[in-house]
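What follows is chain A paired twice: with chain B in the first complex and chain C in the second.
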Partner chain A sequence: MRSKPPKVIVYLANIPLNILLYATLIIPFALMIYLAFLSWNPAAGVDWWQAPFAGLNNFSRALQDSRFLAALGRTTAFVIIVVSIEFVLGLVLAYFMIEEFKGKKISLSLIIYPLMLPWVVVALIFYLFFQDYGPMNNIFLKIILGDAAQNIHWFLSSTTAFISLVIADIWQWTPFIFLIMYSGLSAVSKRLIEAAQVLGASTRTIFWKIQLPLIRPLVLIAVVLRALEAFKVFDIAYVMTGGGPGTSTETLSLYIYRVAIEYHDISYAAALSLIVLVILAIIIRTFIWYSFERGVRT
Partner chain B sequence: MSEKTESKISRRRFISASIGAGILGIVVGAAGAWLLKPEVVAEKTVTTTFTREVTKTVTATAPVTVTTTPVGIDMVAQRAINGVRDLLAKGVAKPGDTIRILHVAGSRANLEKAIELWSEYVPEIKVELITLGQEPDVYTKAMSEAVTKAGTFDAVTIFSTWLGDIVESGLARPIDDFFSKYDPGYTGDIAPIEPLASYTTLYKGKRYALVFDSDVFTLSYRRDLLTDPKLKDQFKSEYGIELKLPDTWEELIKMAEFFTKLNLTAPSGGKVWGAYFYAEPRFAAYITWLNIFIEAGGILFDLKTMDPKIDTSEGRYAFDVMLRLKPYMPPEAVTASWADLYDKFVKGETVFTAAWPSLSKEAHRPTALVKDVAGSAVLPGVEVNIGGVKKVVRAAPNPVNWVAVISNYAKNPELTYLFFQFATSPDIGKDVILTGVILDLFRRCWFTDPKYRPAFEEGYGSEFVDAYMKSLEISFPDLLIRGGPEYLGKLTVNVNAVMAGTKDPEDALSETAADWDSITKKYGVDSQLEAWKALANLFPADVKEAWKAKGYM
Partner chain C sequence: MTKRIISKFLRYIVIIAFLAWILIPVLWMFTLAFKSYPEWRVAYFFPKEPTIMNFILVFEPKQIIGMMGATALVDPVTLPFINSLLVVGASTVLAVIIGFFTAYGASRYNSPGPFSLFFTLLTRMLPPATFVTPIMVYYANLKLLDSHLGLIMLYSAVTVTYGIWILKGFIDQVPVEWEQAALLEGATHIQVVFKVTLPIVKSGLVVSGLFIFLLNWAELLFALVLTNVQAVTLPVHISKYVGAVGQLYGPQAALGILSSLIPVVIGYLIQKHLVTAFTFGMVR
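And now, the complex of A and B:
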């Protein structure tokens, strides 16, 4: 049996990782918290360590900032809509794909394909897709509406612009949910399903009473991960609508980017980021407690 | 027991090793910081080199001190080359020194041309380009440099819109001393055209930049449609006025309506729209609004209090014009990116449009469907009552505009300045401008001197060169005060919202005014007022006359 290495070696071996962790995560994070309580603007010609202390001003300003609150509401709505649809689509696709059929490998590759594309590429594709002269109007809607399809200007109305973002996100991220659901459903023991069939359970009963409960942890992980990602949505809003018309499709990330980079109001952007972080942490923690820990205690 | 002892020893060793490593780290870090500290290094190098080089010059190398006048280039470029030679002779610069320039990818071809020409005269001094893909990246990197003061570049080409921020952040070095010493040709017939030369380079009365570009808007139009005899007759019978280049926005609206209702087919096969003026969401929406607002005699801020003055009759009029034009513009004017306007005009799908000079370049390319029929003119104006007399005030926006700024943290600011004096001189600048796409002409001699003009006529078309010179003379700046991009960003968002129909003009104006007020207070009213007053003085004469008539000035 091999002896354990001396503890000093273990400590020393951990030092690089600790340095990396502190340098890349903890120090910048601490700096962000610190900046959120200052009033620092690089364009003011003052270094950040000389910036005046602002107390809670940035946070109280955020609570009165209608553009921030609107972006928060809009992003939340976006997350609820896209995650719900992506989950249903991903699960349905996975359910049908666990069966063996000819061309399954190619179908799997095609389904996963959008996930491989960079966000900005997807955004550009859908930006062109929803142009007045793009395929959405000229091919898909033309079949249904005829020439009237030409009169649909996707980025001119708040509602259609928002819908276009939702469609782009669903196209790219449904495969993510699909992959997780597919791996979960594939791992469910066939003997269990066969036993249920022998006992006369219907396909619907097998799905709701056996397969879905067994993959429940995976469902929760998929939904949490996807919701976290969707909450950070930036690329598609930036490229496709620029947050417009006006600010009607401006997401949280896009607004914070503008505050920090375009308006270089770094302290305020730090405060907004902290608020978002706290909101997300509360939601995720509650979700984890409700889904995992509550069950364990009972 | 033995385990405990071993554990104690290990911990002790660990602590000793950690402390040792910590001390070593601090020593290495301190040594590194001392060695890399920019100011100290620069000071030391300059002093040492100076002494050594002077000795060398006296004892052995006489040619180094002799400044031979370069042949075949104008005096501005010659002074720059001679300046470099002097710096080399004095040891302030050394052969092999490198000037590093941060710039956007679009100007790479221009700068590479400048470097190629520079190396013919001073091969000893290298120039290195740090190229960034997008315009906002340049702003971000420049502001990062202002914070870190790392000296990662010696000069940066920026949008003049950012000048207030770049200066106030401490990044831009004042260059009045270099102007006096080397004379970059800002007077007389070769000077960059005013007021553009002043408003893009001065901040609170001090010079911080060299003009490297001009970005004044002109009106581009389909000459074939505007001069068609049948259409002229038809228009006159319907509207009672001549179909010609519009003098005012009111006339342009009528013409745009007329052409849109004709349902003409463009050379591309698409529909012909009467007009296309920016109302897009990303950054260009403000340009159209601002142009009409300024021509109507609007002033952005009160010259005494710095209160926003956009929620006024002039602001409402600007929206009124844009909304009346909207039915005659393609919907993409509100939704697409800025490049869509170029695409539609080059395909012949719009009759009237306005954009940067590069639109004329694009329209005259062999592949452009309008290459033989694209015309250029000064933008239409607004009729204003000045002292009881109605006068059409015409102005032209100059959105963005690249200028060259020397960094306060440059290793050798003087040498860096001389490169840009060389690159923007009449002879060299002509070749630099005509090489790439995004930089455009700004010196008067390029428009008027037969030595230069044919080259620009070939690139832009002769009608454009005339129209552009007039436009430069009536051009007005972006909001070149601290927070300029932020002010304009808020305006853009609201202009776009009004044009998309999601916001009422009254709300848009009052919200923008409130936002502007907050921005002003954030930066300090007094400081902003000082910058605004200095900038307002550089607006074209007709605009200032309208301001005076309205009691704004």
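And now, the complex of A and C:
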């Protein structure tokens, strides 16, 4: 039915969506571009349309802002670390879960439920877990380190604070990669694998030469979606470490939030946002083009 | 034969280890919520005398003052809970309705234009922190700050993309012939949409609705920036609770459990559709 659409359907499909998008998102996006070239701080008592132009000052300031660059680098490192660990864990787990065994159904339900929990609750769970009196130090690390475990204060040193964020993220999102890999691996035809077995291929060869190549498009989708999601990291940093100690676990989202909300430096926050946004929009556009328009589907 | 036993053994070890890793942190929060005040700091999992005191404290925080160095009085969880239900419920309904219309157009006639579809996907994939600043300025001018309406509109706008892509998958599977048959019988296009297609994709509406509910229920950053007193949602309340009363582990844990009840039930209901949902229908 790819004929000319009836008018009523065109209205129905376009008008509600566009009203919603323009009213809540497109106007603010336009406003952001304008704000980024101003020098405006609402604490000064003028409205944004009265604020003086700043030209490219906000942008040149961003390029010299060590806290911004550090947050950008830290967030990128966070993304690379968590996505690689989650990918390996998720794939291994999917590989082991693929065959039938007793208790498979309940294991599946349990494995994926961290995905449903609100991010704030995950942050809370690990905030409680890593407290000085919490089980991490007093039960689990005590077995390995003995009483020395008492001296670890997870949120007081920048390395351990960062590790705690990484652990929380891996805990919640490994199931995401697992889920996609699992659905991909279950779709690989059993006959293909049986045929390879008859021909004498080892389990390892089957995995590397048949299963993995067949789910390659899914690997790309899983990794890119996860990386984009991980790049947003805000909730766990805000709740667990508050970006601390100092600013040593401040993520990009947290820094922009602080510039805007705590320092009221709206026009600078808009400029920072714009820089990040342009970089990400190009990546996302390429990805959407690749996966939707070239039709990578399984 | 021995090789087979070893691989079976290995599989069980991997799965059990993973289940333990998933369950232990949650178990800690769960048991902590039922521990009485002296047991909050002790290193064992199961409380000697389980109590529901922590849940009462979450609703009646006046009794907290003076305990464990708590200085700030935190509001009861009642208002944030009602706000969350209201805002998330309304925005979910809105996103599903608009998503359905758009999905229908996209599935049957390739409308609407690529810009709208790309834009909805883009706003879902970008970090909320990168566009919350201008929304705050804009809402301040419209007097929508700290209002339910502002939050409802924003939430439905950033999740409508899931409504579109999940429902498009469902509508694609409805045979076009059925619609054409109805048209030949003299039905109008509107009637076809509401009387033929809509009833068939009912389960799609439920799946996309529950998934959108899940996402909006968890949303923190927008609510943190755009609300203050009146429209505070549950995630904002939790984040404030941790900041204001850092050492009150028991009530914090109780709050965590309270706010996970609905998501866990929803998650159980839509397990089978999670892959499709999380990947915008790119993976089925």
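Heads up, the rule we're going with is that the second predicted complex is superposed on the first by the 268 of 298 C-alpha atoms of A that agree within 3 Å, B and C clash if a C-alpha of one lies under 4 Å from a C-alpha of the other, contacts with A are read in each partner's own complex, and residues count from 1 in each chain.
Please note the rule applied: contacts are C-beta pairs under 8 Å (C-beta built on N, C-alpha and C of every residue); 3 or more make two chains touch, one makes a residue touch a chain.
Bear in mind the structure is a predicted one, so any value in this text is a computation, not a measurement.
Engineer: For A:Trp48 in the superposed arrangement: first (chain B), second (chain C), both or neither?
Structural biologist: both
Engineer: Which partner does A:Ala227 contact after superposing on A: first (chain B), second (chain C), both, neither?
Structural biologist: neither
Engineer: Tell me the contact category for A:Leu165 with respect to chain B and chain C: first, second, both or neither.
Structural biologist: Touch partners of A:Leu165: none, neither chain B nor chain C.
Engineer: Would you check which partner chain A:Gln131 touches, where first means chain B only, second means chain C only, and both and neither mean what they say?
Structural biologist: A:Gln131 sits against chain B and chain C alike.
Engineer: Per the contact definition in the header, classify A:Thr241: touching chain B only (first), chain C only (second), both, or neither.
Structural biologist: Only chain B is touched by A:Thr241; chain C is not.
Engineer: Based on the superposed arrangement, let me know which partner A:Pro6 touches: chain B (first), chain C (second), both, or neither?
Structural biologist: After superposition on chain A, A:Pro6 lies in contact with both partners, chain B and chain C.
Engineer: Of chain B and chain C, which one touches more residues of chain A?
Structural biologist: Counting contacted residues of chain A, the larger count belongs to C.
Engineer: Given the touch rule stated above, what does A:Ile261 touch, chain B (first), chain C (second), both, or neither?
Structural biologist: both
Engineer: So which bits of chain A does chain B touch that chain C touches too?
Structural biologist: Residues common to the chain A contacts of chain C and of chain B are 6, 8, 12, 48, 131, 242, 261, listed in rising order.
Engineer: Name, in rising order, each residue of chain A that touches chain C in their complex.
Structural biologist: Residues in contact with chain C: 1-6, 8-10, 12-14, 16-18, 20-21, 23-29, 31-32, 35, 48, 89, 92-93, 96-97, 99, 101, 107-121, 124-129, 131, 133-135, 138-139, 142, 171, 175-176, 179-180, 183-184, 203, 218, 221-222, 225, 228, 231-232, 234-235, 238-239, 242, 252-254, 256-257, 260-261, 266, 269-270, 273, 276-277, 280-281, 284-285, 288, 291-292, 296-298.
Engineer: For a test of understanding, state which residues of chain A touch chain B in their complex under the given definition.
Structural biologist: On the chain A side, the touching residues are 6-8, 11-12, 15, 41-45, 47-48, 131-132, 153-158, 241-248, 258, 261-265.
Engineer: In the complex, go through chain B and note every residue touching chain A.
Structural biologist: 6-7, 10-11, 13-14, 17-18, 21, 136, 139-140, 143, 146-147, 164-165, 168-170, 280-282, 330-332, 334-337, 482-483, 485-486, 489, 493-494, 496-503, 519, 522-523
Engineer: Please give the residue numbers of chain C that touch chain A in the complex, ascending.
Structural biologist: Touch residues, chain C against chain A: 7, 10-12, 14-15, 18-19, 21-26, 28-29, 32, 40-45, 94, 97-98, 101-102, 104-106, 108-113, 116, 118-123, 125-138, 153-154, 156-158, 160, 176, 179-180, 188-190, 193, 214, 217-218, 220-221, 224-225, 234-235, 238-239, 242-243, 249, 252-253, 255-256, 259-260, 263-264, 266-268, 271, 274-275, 278-279, 282-284.
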